[in-house]
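Reading through the structure tokens given below for one structure.
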Amino acid sequence: MPESLTRAVRWDTVVGALLVVLLLLSFSTVDGFGNSLNLSFLIGNTLPVALIALPMTLLVVSGEIDLSVASTAGLSGAVMGKLWNAGLPIEQIIPLCLLLGVVCGLVNGLLVTRLGLPSLAVTIGTLAAYRGIAQIVLGSDAVTDFPTQYLDFAAGRLGNSFLPQAFLPFLVLLAIAVVVLHATPFGRSLFAIGASEEAARFAGIRVKRNKLILFVATGFMASLTGIFWALHYASARYDNATGLELSVVASVLLGGIDFDGGKGTLGGAIAGVFLLGALQNVMSLLNVSAQSQIVVTGVLLVVSVLGPRVARQISVARAGRRAASAPVSQAPPTPAA
Amino acid sequence: GGTTKSDVKSGSSSNAAAGTADPNAATKKGLTVGFLPKQVNNPYFTSADKGGEAALKELGSSYKEVGPSSATDTSGQVSYVNTLTQQQVDAMAVSAQDPGALCTALKQAMSNGIKVVTYDSDTTADCRNAFISQASAEDLGRTEVQLLAKQIGYKGQIAILSAAQTATNQNTWIDYMKKELALPKYKDVKLVKVAYGNDDAQQSFQQTQGLLQEYPNLKGIISPTTVGIKAAAQYLSGSKYKGKVELTGLGTPNDMRKYVKNGTVSAFELWDPAKLGDLAARTAVALASGQITGKEGETFKAGSTSYTIGKDGVISLGKPTVFNASNIDSFNF
Amino acid sequence: MTHPSDTGPAPVLALRDVAKSFGAVRALRGVSLELFAGEVHALAGENGAGKSTLIKTLAGVHRPDAGQVLLDGEPVQFHGPGDARDAGIAVIYQEPTLFPDLSIAENIYMGRQPRRAFGRIDHKATRDATAALMKRLGVDLDPDRPASGLSIADQQIVEIAKALSFDARVLIMDEPTAALTGSEVARLFGVVRTLREQGAAVLFISHRLEEIFEICQRVTTLRDGAWIASELLDGMSEDDLVRRMVGRDLDELYPKQEVEPGDVALSVRRLTREGVFTDISFEVRRGEIVGLAGLVGAGRTEVARAVFGVDRWDAGEVEIDGRTLTNGAPSTAMAAGLALVPEDRRAQGLVMDMSIERNIGLTGLRTTVRAGLMDRGAERSRSLDWAVKLQVKYARIADTVSTLSGGNQQKVVLAKWLATGPKVLIVDEPTRGIDVGTKAEVHRLLSQLAADGVAVLMISSDLPEILGMADRVLVMHEGRLTAEIPRSEATEETVMAAATGRAAA
Amino acid sequence: MTVTTPNEAPVTEVPASSGTRLVDRVFKMRELAILIVFLAMIGVTQAGNSQFLSEQGVKDLLLNATILVLVATGQSLVVITRNVDLSVGSTLGISAFAAGTYLHGGGNPVVAIVLAVLLGIGFGLLNGLLVSLGQVPALVVTLGTLYIIRGIDSIWVGSRQITAADLPGSFVDFGSGGLGAVPYLALIALAVLVGTAYYLKHFGSGRELYALGSNPEAARLAGIAVRKRILVAYTFCGALAGLAGAMYLARFGNVDSSTGNGYELTVVSAVVVGGVVFTGGSGSVYGAALGALLLTSINSVLPALGVSSVWVLAINGVLLLLAIAVDRIVAQRVAAALKKKSAFEKSAVQKGEARA
């Protein structure tokens, strides 16, 4: 009973439930929500956040953070535009851009693991640096004339369904991330690193190497997102995806990932991403102003941390009452002779 | 192998004009026109959209405004295009944060029968039916140089303080400024630098400081952005450069009144944003009523004035107004 | 010495019928205890018996579910540790509670620094008072030094100094000596005796029974959260006490099996880490238990850390079964069959927020795997196996280790490493905070491991343990090996002489 | 235990605390390192542009740093307690607007500043209450209040704006005026900074902020009123954000609903560059202030050197990275030197003993 109680109040489950409730309510009451076009918009616009949230969740679980993701995405988009203008075939450009993302992640990772710098500081630095490089690379250009089959892939739907074509690859990536975090020794070691780096090191876990891998993966996914972004919106500019890092961080936090590291589930994070995305979509359809939407997002975040806390206190109080109503302690047994 | 830029034939650059226009069609009433500025709460766009709202009221249609709260949240703006599409408005007036990013969504909207007008900042031409240009870019660029040159006596170093490096309209104006400066009468005027303040008060501030430190002999600054000119004016008025360095550009009378009065700025210019919104609304209604389709050469009446659609569906508002100490008090926006 | 009787003066501090539960765990049930002025009172019990919980109840950290705390015979309600402190109760908790970023002086006087005009802190007076305290304890710790980087023993000293600085009426000490060697313990007991003579009431917890008999007059025994007895120590034997605690007679504490040593398993040659230890060379053979003795801060832990690879060494070589280890790579050391039970269980041994199961599982991430994925069944049975073997006392294997008592946490650390089936096992203070019953169990285990061919290097500040278990004793002094003493010649005198640097190596 | 141990004190009378004084100096070195980076940067710029350190130039440098220094000072207090306040930018924006609204058409500037500070205190209290009473992660809560305050701000402000024309001339002059090259605003910031630093070093409650950031559990056991202290830190941080709002109004004479947007990252950078550690318990407000000065100066230095705006952002980021990396490397080098030194002393002692 206490186990099922504590399980029931786990925040990631709550976020998942909230998402389902929101979707059901919106289907039945909000005009224009349920049609496949809107749903495809909703998912398509949320995908960039979701893509980055995958590695970000792993990173945060291991106690680090990467705020440079949006800039890495912007830089990849910018380089993609530049190379495209230079006449390179897109099939070569995309691997090059992904490689660039890997390099960006590697720089972050090396600064954090080799020099022992705090990742928050490092990635605030590279947030500016990568965006700045993007600006140097592409300047004021906006590249829009990418090949149509790529644009169609990034913006199109699967037949007439509500699913964007890009959703399937995302599902594959999601599955990979879930397995890696929750079912492999690597994932297990991330939780240990996040909860206590020193104890993890003493258990023979290669802390630095694992963190480096995560930063590289994050860079890779950020650049993939940058490419997707440029194709989805058919526009490569140096300021693509500006501010995306805050959306990612907010969603991941909402999904119950603890920024002190060591706690959280990918399901929760992704539920958080889509909860925020769906909420914004619904509020826009209901003509809620952008300002009020901001307030709602904020309140949701505050509730997301106060909620579990209150739930825990309630369950503790209940357990206390149960214990109090338990039979009175017997008289102390006499010492054994 | 692979797909390169040269494999991709450049898409039709003309605007999306479909069907035929019936100039005599009745103006429909009861339409809904959605305004989607770059940023809600931005005073400039609020004035413009207010103008649109008044026009729509007069025409018997209804107005709504949606938009992102940040001027760099392109994906947010795209979502709002989608939202308007979902809500089945009859037409939308959009000021695009990005010429390309909104295209897919706007085309979706048009394919759902929604008329799209851009104003203030355009998208690529095939993603909308018409663009309402605040003033001809050429006029704006050239007159600003003319204003400043006169103030500094056609002699000395000048600089430009722009907004973001990617701001399309800014860049077009700056191109025309350079063309104007190439004329022989400006042979003693030297453009030394274009700085970018990113439409941020602090950055514009510091860029102004930097310009003055780097070029101690700077005689004048052109800032073709309302945020930039305001920040530059505030810096100048509190520094030793006040009155020594001339400043002009695009600003609103309300922002600039103080600096004109205290002698920091002698003249600047702007179009009336409310008129811009007004024209956008009327164009949207004309499109939705079938009076125009957006083809070059079509004409229509908006209020008392008659406008002709130019190349690529561009409709120009007219010449900007120059404000100075003698006339500034008769404007309030 | 006064022996207060039941009709004598009222106890300074007392508990009456106190109960305390954590969820389903009933840590205390109907426990009573009386502390009298001028008396040192021992609290004895197995790991998880509820000693620390009792102390935290006295200190106002826990609010009892039932029963009363009495101060000078009057019931009181402490709303927090601050209240207890204001009532004149000083507490040394089982786990050090220092501020790593602050200086030792600030750690000791936090919240009650000497003041100057306008309530400003008198930094100099704080420093001087700290220096005086350190002198009283006979240790050389710079008051200005930050607490981070202090060894566990030094941390414990600072805790003791902090408690002494209160000049409290009641001094409560939860295993203050667990990390200390003989000389510091002697020093501490000297101070405690003075306090007692000045009329303080002292509550003392230790799993080293000889210490209880040395310093205490009265003992209260707990078993499974229940009160067993409160009685005078006079006339009691260690066996009596153990029987109270464990409820049965105890087997031999040092069940050393004689094993014929095999091949060299661990070989350390000229290992040096600048500024920490110099030119360390020794070998451990299969089946051998080698003790590593020394005073606090001699560098024993540092050697172990370097050998295992969590620290890098500057010069030298380490071999396991003839295979050279990579510098600074615990994972390769583990792969080669080395295991290290670290000194600081909270920071190094355990991930406090993780479950017992997963903590033990952490060393098996390479083995409890099927097709690249975690084999949860194998992980659980491996963890359960070892938790049971080491008699860890827990409610559910999925509970976080932070809810375990100190000694049980130590057992989890042992379980975690024994589960790897090491060829070479380095244990650093393996029985710190472990109760006598389990200690014998751990010793039997180590002995059995050795018999099975494991090479064991045992670092311990508990000299009798070293003498009782080791085939050979290595002694370190100030970062150097000063002696290697065979079992036959190892006595307290020879070891201490080498440890204090008085004997030639 | 019946160990026969010598009862005299161990003979390790290590020569007085020369090592630890060095340790102390290392902590000072962090600030010194930033100062050196800063001075080097200013020096190079001055060499490249003699106008840079003109009276006007110095004044601009100081003015630019003022607002960030104020907010960073408040933020470091919160960070020292192992928390963070991301909502400072929003608080700054809303209090600036409140002060501006009050001054619109003439009000007393002092009252306006007080109003801004009070509003800041209000939001600081809100954050403090949520974090300390709810005992929830500060990062999430203040990210939430960042959005909430920003939303309330934009709903309230709408598209209105306060421009210099709406403000009393005296207030605007105050914003750009000063004693010689030293602006009034910088003097206010300096006073706040010095006061805060003194408080943190010399008052019990100040030290307790460090203690509870260093080890919250130990702080509770030491009887420190943890919640109260955290509440105070947040309130102070809010108050300074409010004050900074008023200063912003005076300085820029221009406030709208987006004022202070995105400021949190700048503040956090300043604090981190200044050596205030995010895990709490260490760092100083002087460091944070130096960090703020360094960051804002980069933005003045690059334009003054004629670096194209295109490059500014990238260089900014690289410099930020350099600053923290250099700081780190210096700290590591010094720690290593210190270790060698103590090793040397140790072996000297041993040799001495051996000879004896």
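Think of it as A, B, C and D in the order they're written, each chain with its own count starting at 1.
Keep in mind that, in the parts below, contacts are C-beta pairs under 8 Å (C-beta built on N, C-alpha and C of every residue); 3 or more make two chains touch, one makes a residue touch a chain.
Quantities reported herein were computed from a predicted structural model and do not represent experimental measurements.
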Name whichever of B-D and A-D has more C-beta pairs touching across its two chains. A-D
Can you tell me which chain lies farthest from chain C, using the average of the Cα atoms as each chain's centre? B
How many Å are there between the centre of chain A and the centre of chain D, using C-alpha atoms for each centre? 29
Measure off the straight-line distance from the CA centroid of chain A to the CA centroid of chain C, and report it in whole Å. 42
Please tell me the distance, in whole Å, between the geometric centres of chain B and chain C computed from their C-alpha atoms. 73
Sequence positions of chain B contacting 2 or more other chains: 40-41, 69-70, 165
Spell out, as numbers or ranges, the residues of chain C touching 2 or more other chains. none
Which residues belonging to chain A are in contact with no fewer than two other chains? 135, 139, 243, 289-291, 294
Using the touch rule from the top of the page, what pairs of chains touch, sorted by label? A-B, A-C, A-D, B-D, C-D
Any idea which chain D residues touch chain B in the complex? 49, 51-52, 54-57, 60, 64, 154, 157-161, 163-165, 172-173, 175-177, 252-254, 256-259, 261, 296, 299-300, 302-306, 309-310
Contact footprint of chain A on chain D as seen in their complex: 130, 134-137, 139-141, 143-152, 154-155, 262, 265, 268-269, 272-273, 277-278, 310-318, 320-321, 324-325, 328-329
Along chain C, where are the residues that touch chain D in the complex? 59, 61, 80-83, 85-86, 91, 93, 97-102, 106, 110-113, 115, 119-121, 123, 135, 138-140, 142, 144-146, 182-183, 185-187, 190, 208, 210-211, 214, 274-276, 278, 295, 463-464, 478-480, 492-493, 496, 500-501
List the residues on chain A that touch chain B in their complex, please. 31-33, 35, 37-38, 41, 45, 48, 84-85, 87-92, 135, 139-151, 155, 229, 232-235, 237-244, 280-281, 284-285, 287, 289-291, 294
Name, in rising order, each residue of chain B that touches chain A in their complex. 1-8, 10-11, 40-41, 64, 66-70, 72-76, 78-80, 82-83, 85-88, 98-105, 108, 124, 164-168, 171
